[in-house]
Amino acid sequence: MNGRAVRLGLGLLTLALMLAALYMVFVYVPTEADQGIVQRIFYFHVPCAWVAFASFALVAVAGIFYLWLGQQVWDDLGYAAAETGMVFCTLVLVTGSIWAKPIWGAWWTWDSRLTTTLILWLLYGGYLMLRAMAGDSEQGARFGAVVGIVAAIDVPIVIVSVRLWRTIHPAVLVTRQGGHGLEDPRMVATLLVALAAFTALFIWILCLRFVTLRMHTRLGALARSLALAEAAAQD
Amino acid sequence: MNSFVAVLRKDLMLEVRGGQSTVALGALSLLVLVVLVFAFNPGGGEQGAEAAAGALWVALVFSGMLGATRAVSAENENGCIRALLISPLDRAALYAAKLAAAFIFMAVAEAASIILMVLFFNLEFDARVMRLVPAVLLGALGFAALATLLAGISSRLRGGDLVLPLLAVPMFVPALIAGVKASASALGGAPFGELAVWLKVLVAFDVMFVAAGYLLFEYVAGEE
Amino acid sequence: MTSALIEARALGKSFGPTPVLRDVNLSVEAGRGAAVVGANGAGKSTLIRLLAGLSAPSLGAALLFGEPARALRPALRRRVGLLSHQSMLYPNLTARENLEFYATLYGVEDARAEALEWLERVALGAAAEARVRGFSRGMEQRLALARSMLARPDVLMLDEPFAALDAEGTALAAALVVEAMGRGCAVLASAHSAGAFEEMGFAVLMLSRGRLVGAPSARQSAARQPLARQVS
């Protein structure tokens, strides 16, 4: 399978889906009664959240395979997923904030979903800082895998505890409308298309990043072989 | 089992002999509580109880990070960690011993913190204070489990001191929420039923992180 | 199947692109000794670390008892002793407590008695209850040697064992090593110069810029010379 062709194909698919999603979000879907135009941001916010969480799971799974099999390709995948996921996680927080301001008058609401996403964002950040600090080494890959796995184990319990926190002591600001209670079937359709578009975007960017990391790994191996050959020539 | 006891005993001996860990932890907890008293300016009653619970757990987190780092990096002096790695000592047993040591240091520091908290936040030494002990112990165990594993990583990196809190604090959030809520309830005189749900969260947290640490420590401890 | 207890096969190690060890082949059988000699930076310590299983090879294999050193079973790790640049001793524990601790880890019966016996053997009996923090470098080295040998290992790896030892200490250490070889221990040592090792009947290998130049395997010379010279 020609890698470049696949990436090009993915890119085109992403473009098509995104155009469809943009059309549907801005033209097709009706304005929501309570919240007005701002509510359209929901169709960006939710898919980004889904992608951010899924990517996190991917980091953990890649970490497990890396520790188990010891093959660098799994670490490259995990690192790429962490970087890509971080971008989408940031988008969730930004869109959440943009959404909150006109509706609730505050830049940030401590509702359970946003709070959990914030914790996720911090975990991603910690992972990336760790990798930056550990540098380009087997140790860095190993540590990253461990942190990715532990953080992923942590997320479910974060979700549970934050939800308990919010229900037993309800927030001053009422929780936002979630993915439920969409009356109009056009809204459901738009959401589904937006989900598909963002998933395609995520996979495409992930592939690009992954391929870059693979090249970096191969380059490292080549540099090593070259250095060995040079040293042998000097013997 | 023998090895686990030997390592733990050795760590406790070192601590008694002149390690300054528990003293430093106690001092740190004291300072944190003082700062938070200035920050919150607590009155009595329920608001005081909430502030006190929060302060106690902030102190726990700070002292926990220091305690775990000390417990793990004690092996870096003179390269003792290498000797442990090439010995027949099971990596999981090493983790368990380090975890136990960190937990003991933290528990001692927490005992001091609780006393200071009662003093600083104008509470009473009564049954309510006793009721927050389970939450504090569970929280200390969970944090020790988490921080020992992460300290195994951070102690091996230059500038790793920054990474430990960066990773440990977000990961600890569920236990922090549960612990503060349980402690505030206990200090506010709430019945045990209200505490129970938070204690369950803490137990779940502890089980998961002790298990995770036990399984993953060998990937952290091996040398480059 | 070779009977070598310590073996390196086409062993290579690079840190990033920089090669530190290249195509190292050596084998040491039971009761034999090999000394790897080279200047600073030649890769001696890296070689020992690889063979001790503390580091993973970039190429080739580092084997102990025929198995990869990195993933040795606990039962086999019990039979390995290591003396490294760092003393691996706890400064705030006494000499005896240090040895007792390691003896317990290695499953030695009656750790306390063993610890005391070995303290005598390295002439530290008088300092048994003194904290290591106050020890001189030579005392530390002797204690570290005792630590590496007290479980009567079948494989002994010594990174510059005679560093910081005076003539008397060197003679003591050499005698202990020769005795270990006598009961079948395979010994790999590293040093700056070969002098003492040749007298102990070691095969000497030169390590230069990460490569071994010299005989590829350690075969005992026909007439093994124990260190018989009297040192005052």
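Here are a few things to note about the model shown:
As written, the chains take the letters A, B and C, and residue 1 is the first residue of each chain.
One rule holds in what follows: a contact is a pair of C-beta atoms (placed from the backbone, for glycine too) under 8 Å apart; a residue touches a chain by one contact, two chains touch by 3 or more.
Computed from a predicted model, the values in this text were never measured in an experiment.
Two chain pairs, A-C and A-B, are weighed by contacting C-beta pairs, with A-B ahead. Chain B has the C-alpha centroid lying closest to the overall centroid of all protein C-alpha atoms shown.
A straight line joining the Cα centres of chain B and chain C is 39 Å long. In terms of their C-alpha centroids, the spacing between chain A and chain C amounts to 50 Å.
Chain A and chain B have Cα centroids separated by 31 Å. Residue positions of chain C in touch with at least two other chains are not found. Touching of two or more other chains is recorded for residues 138 of chain A. Annotation for chain B: residues 224 touch two or more other chains.
Those residues of chain B lying in contact with chain C across their complex are 2-3, 6-7, 10, 13-14, 17-19, 77-80, 82-90, 223-224. On the side of chain A, the complex with chain B involves touching residues 67, 119, 122-123, 125-127, 129-130, 133-134, 137-139, 142-143, 145-147, 149-151, 153-154, 157-158, 160-162, 164-165, 168-169. If you check the complex, the residues on chain B that touch chain A are 146, 149-150, 153, 156-160, 162-163, 166-167, 169-171, 173-175, 177-178, 181, 197-198, 201, 204-205, 208-209, 212, 216, 219-220, 222, 224. Residues of chain C that touch chain B in their complex: 49, 52-55, 74-75, 77-78, 80, 82, 84-93, 97, 101-102, 104-107, 147.
Of all residues in chain C, only 12, 14, 16-19, 22, 56, 58, 209-211 touch chain A in the complex they form.
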